[in-house]
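Some structures to go through are shown next.
Next come two complexes, and both contain chain A; in the first it sits with chain B, in the second with chain C.
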Partner chain A sequence: MLVLQDVSISTDNKEILNNVNLEFGPGVHYIVGPNGAGKSTLAHAIMANPKYNVTGTMKFKDTVLTDLATWERAQLGLFLSFQNPTPIEGMSNFRLIKESLKMDSTKKIMDELNGFKGLAADLGLPSDWDKKELNVQASGGEKKKNELIQLKMLNPDVAILDEPDSGLDVDAINDLIIQLNNFVDTNKTVIIVSHYEKLLKSFNPATVTVVANHTTTQTTDATTVDTILSNGFKDFA
Partner chain B sequence: MHNASNILDNYVYRHMDVARVLTREVYNKPKMFAPSRDNADAIIFPDFVSVNEPCWEKMQVVSGSASNKYSHFFEKRNMLADATFNQSDTIQAIIFNSKVKNTLVYNMNYIASPEDINHLFPVYIEIPPYCNVELNEAFYNDAKIKIYRIVYVLREGSTLNISRSIAAGNEEQCMQIIESDVIQHPGSTFNITAINNEQHYLQDLYHVKAYKDTTTTITGRYNATADNAVHVITDIDHIGTNCTSNVNVKSVTDDISKFTFSGNLTVRKEAEGADAHLQNKNLQVVDTTTVITEPKLDISTKEIACTHGCTVSSIDEDQRYLLNTRGIDNITAKQLLIEAFLNG
Partner chain C sequence: MAYEYPEGFVTPVESDDFEPGLTKETILKLSALKNEPAWLTDFRLNAFDHLQKIKEPNWSTVNYKPIDFQAMRYYSAPKFTNKDDIPQDVLDTFEKLGVPLHERDALLGLAPKVAVDVIMDSVSIATTFQAELAEHGIIFCSISEAVQHHPELVKKYLGSVVSYKDNYFATLNSAVFSDGTFCYIPKGVRCPLELNTYFRINARNTGQFERTLIVADDDSFVSYLEGCTAPAFTENTVHAAIVELVAMTKAEIKYSTVQNWYPGDENGIGGVLNFVTKRGLCKGDYSKISWTQVETGSAVTWKYPSCILRGDNSVGEFYSVAVTKHQQQADTGTKMLHVGKNTRSTIISKGISSGNSINTYRGMVRMGKNAHNSRNYTECDSLMLNNSRALTLPTVMQYNSSSIVEHEASTGKLSEEALYYLQCKGLTEEDAINCLVTGFCKSVFQQLPLEFAAEANKLLSVTLEGAVG
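Up next, the complex of A and B:
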């Protein structure tokens, strides 16, 4: 269970969100809201992005996250999929996985490499995808597929996906939905930030959080999505 | 005695002539060296010049002459000594066997110990026409100061690939200077990749004369920490037509270290068809280091393709954050990003 209590998020120049109180248990959760409302900011603040100042309390698995750095939260089981993943020249796609999983035996490396290649093939990526430089000269869709491979291989307890659909074509969206369905189980928490109707209609969300007007509103009423898709966000302004 | 035209007309003879000239005493004393001229991959002369004896008369080194005759002869005694910056009475020379058709791979270890009293170490290396040689050079300096002056002469159509590793020992204040002069005859190819480890003071200097249809590639990867100082100069002179050169130097500096790069590129008026590229990228891990990068281009022909770029950057925080979100701590992330920078 990921819990946020009385959380406020700001930068040095401005306040972004106040009085954020949210709970994310096992299952799929949506975060929606108008452009610029602070959805991505919320996702990054959960991961302790140093750009943001955060007050209040965040807890995960009964552990208070306040003093934990980003990598400590990741090691605890949190994962963030980027809306626009950063390229790193000189680092291969598989090298990131190898370092993240701290592989120290040849057998483990070979097993994981085979797993990586299998996932890449399932997603229609080239056979030498493991050797390609991380997100360098990759299309938007390829970058998102890379995020998906990292998600599957790191296997976190909580996955926050920041607009996983952006840059994907229709077929790729379908693949994404299939892969997410495979990933979600009774113990996993998946938090999806999205505007995309097809994606939002693909799951039965446990909660829907609307980010608007510098705060958040969380509901267990799944029909909220239909209301928003029909009427927009004016009821939350 | 051999005259100039005789040597020019017969390049094989020219090579043999150099060997003969430089090794007159040694050839007469075969017991000093195990490999014979015919069987050995290379012939090494640990002591072929004595400053007091006129034991050689001519050595062929390419000059900047506009004529087709690319040769200029040292006629004075000890000019070879001058060419190799020799202030001692010992020069190491290696002249590879022109009869070997396969690629020769040779390990060269330049080791300086604290007891080493000779600060200067001149070396002459010659690659015969149309021969391919790979040198694995390892420099290990544990002396207070060591200066190497290495002259590489690449004859027509030859290829020399060098993998150079520059290390230092426990001597805290050791200084190491490696000056490499490369003379490329027409059609020759010179490739060198140099990597250093931590050491107090290093100069790695390259001076290349490219005569026609040559290919020159210099790749340098330098790391400086603590109060280390590393200085790199590449100086490439396109003298003849259709020469290609590519300089790619990267540095990583940390703590209060210093790195300087001077990339000199000269393309003479006659050097039409030159294809020259110069790139220096520098990563400052912290902002307490000093990095100075200076490209200098002197282009005297319009028929050229030329690019240059020099940058100084710090660790990309977005990249570091991405690694953090994958459970990689800051110390490991820094090491990975440095490695990625040097590899990329």
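Up next, the complex of A and C:
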């Protein structure tokens, strides 16, 4: 369970979000809102992106996150899929998995590599995807597929997905939906930041959070999505 | 985190030492001790005479206390009667350093099978797999042994690439060199083993002056690697070496260095002053010489492994990773001198600096007037981890109109964004830094022999420990 209590987020002394109170239990959660309202900021603040100053309390698995570095939060079970994954030259896609999972035995590495190759093949990625440089010379869609492979391999408890559908074609989005359904079936939490109608209609969300007017509103009423898709965000303005 | 240099211990060993000081008598004594032929004694004396006429260079980007050349020793050899009688302390030292003095370990599969020449202070103490190499006609021995057993080869090539008048430290070395490695690969032979020299400084206040000479005859191939370490003394130790390579028609020499001399402490106390002249001559057509270096050690490094591309269609390569931290100073790079037609050279230099260190790439590409249709590609990248300094000083000289020289350079810091991305995926900050730095060096590490690439990665992460903060 991820809980945010009275959280404020600012950057360069500019307030972005205030009075944020949210709870994310098992299941799918949506974060929606107009462009530039601070949806991505919220996702990155949870991961302690050094760009943001955060006050208030965040808790995950009853641990207060305040003093934890980004990697400590990740190792505790939080995961962020990036809207624009950062290119890392000289590092292969599989090396990231290998480093993150701290694989020490050759057998474990071989098993995980086979798992990786299977996932890459299922997503229609080239057969040498494991060796390709991380987010270098990959298309937007390939990068998103790679983020999905990371999610599957690293198997966190909470996955925050920032616009996971951008750059993906219809078939790939269907794959994404299947994978995310499998993921939440194991009692995990998925938090999706998206605008995309197809994605927002594909799950039965546990909560919907609207980010607007420098704050957040969370509801368990799934019909909020339909209201937004037909009326936009003006009701929240 | 405190900086560790695990190789910084001293071995208690009885040694035969010269008194400190450098005179004509020192050279005559050294030459007599080694039972050298007259031509070699003369070679040394000519160098000594020339040394009296020249001055130590003063470099624009390198600072160190003046060296008192009369205060150091020019010869120190661990005492033992023959190579089968090496003192246990010395054996233990190389065991601790992971250098296989016996063929046994490699034959049992405990160590990679490489032929090793081990040099401690002023002398070679062991050379392995000589018999096996001899079956292929390959000569691999200390240069002192080569002078005794293959004088015609040594006489022909010694000083043929680096003249004793080349520069101050080359002149000094030519006068006082005490040992080193000699290697000859006959025509048409592909050397079946990696050849390796390990240099160890152990004695205090003693300069190490070694010489390496490698000759690859027509159509031959050899891959050679040198490694080195030294104790953590509080005063500086001078290391002035010469390496000469000669590649005949269609021969290829791949020369790799992992330089890990004691770098001094965090405040710049102690450390090796590493003044090395390395040069390869691509003498024959279609010959190739490739230098790969990983430089993490030494208080001051000053070296420019170079290629003279004399043969038509010959190829020169230089791949370098130089890491500096604390107060270290590295001034390194290469010279690619294109003489023959259709010659090609590639320079890839990666500098990583942290602390108060200074890391300079100094390079020269010269396209001679007859080097028609030649090409050079140079890429110099610097990564600065904090407030350190990185300099790139390239020189290009073009004397013909059909050659092409390309130079790309970049300077940057570790990307905050990349560090954050990797941490979001569960990598610790230290692992993330390591991944980014090894990624930065990847194109150079790929050039190292397989057995040493992993070691280079490890050395890099040990070196960077605590260097970033």
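Here is the rule we go by: the second predicted complex is superposed on the first by the 235 of 237 C-alpha atoms of A that agree within 3 Å, B and C clash if a C-alpha of one lies under 4 Å from a C-alpha of the other, contacts with A are read in each partner's own complex, and residues count from 1 in each chain.
Here is the rule we go by: a contact is a pair of C-beta atoms (placed from the backbone, for glycine too) under 8 Å apart; a residue touches a chain by one contact, two chains touch by 3 or more.
Computed from a predicted model, the values in this text were never measured in an experiment.
After superposition on chain A, the partners chain B and chain C collide with one another. Contacts of A:Leu154 after superposition: both chain B and chain C are touched.
Judged by the touch definition given at the top, the superposed model places A:Trp71 against both chain B and chain C. Contacts of A:Leu229 after superposition on the shared chain: neither chain B nor chain C is touched. Judged by the touch definition given at the top, the superposed model places A:Phe82 against both chain B and chain C. By the touch criterion defined above, A:Met1 lies against neither chain B nor chain C after alignment on the C-alpha atoms of chain A. When the two complexes are overlaid on their common chain A, residue A:Met91 makes contact with chain B and with chain C alike.
In the superposition on chain A, contact is made by A:Met47 with both chain B and chain C.
Residue overlap on chain A between the chain B contacts of one complex and the chain C contacts of the other covers 47, 49-50, 69-71, 74-75, 79-80, 82, 85-86, 88-91, 95-96, 99-100, 150, 154.
Those residues of chain B that touch chain A in the shared complex are 316-319, 321-330, 332-333, 336-337, 339-344.
Those residues of chain A lying in contact with chain C across their complex are 47, 49-50, 69-71, 74-75, 79-80, 82, 85-91, 95-96, 99-101, 150, 154.
Residues of chain C that touch chain A in their complex: 415-418, 420-429, 431-432, 435-436, 438-443. Residue ranges of chain A in contact with chain B, taken from their complex: 47, 49-50, 69-71, 74-75, 79-80, 82, 85-86, 88-91, 95-96, 99-100, 133, 150, 154.
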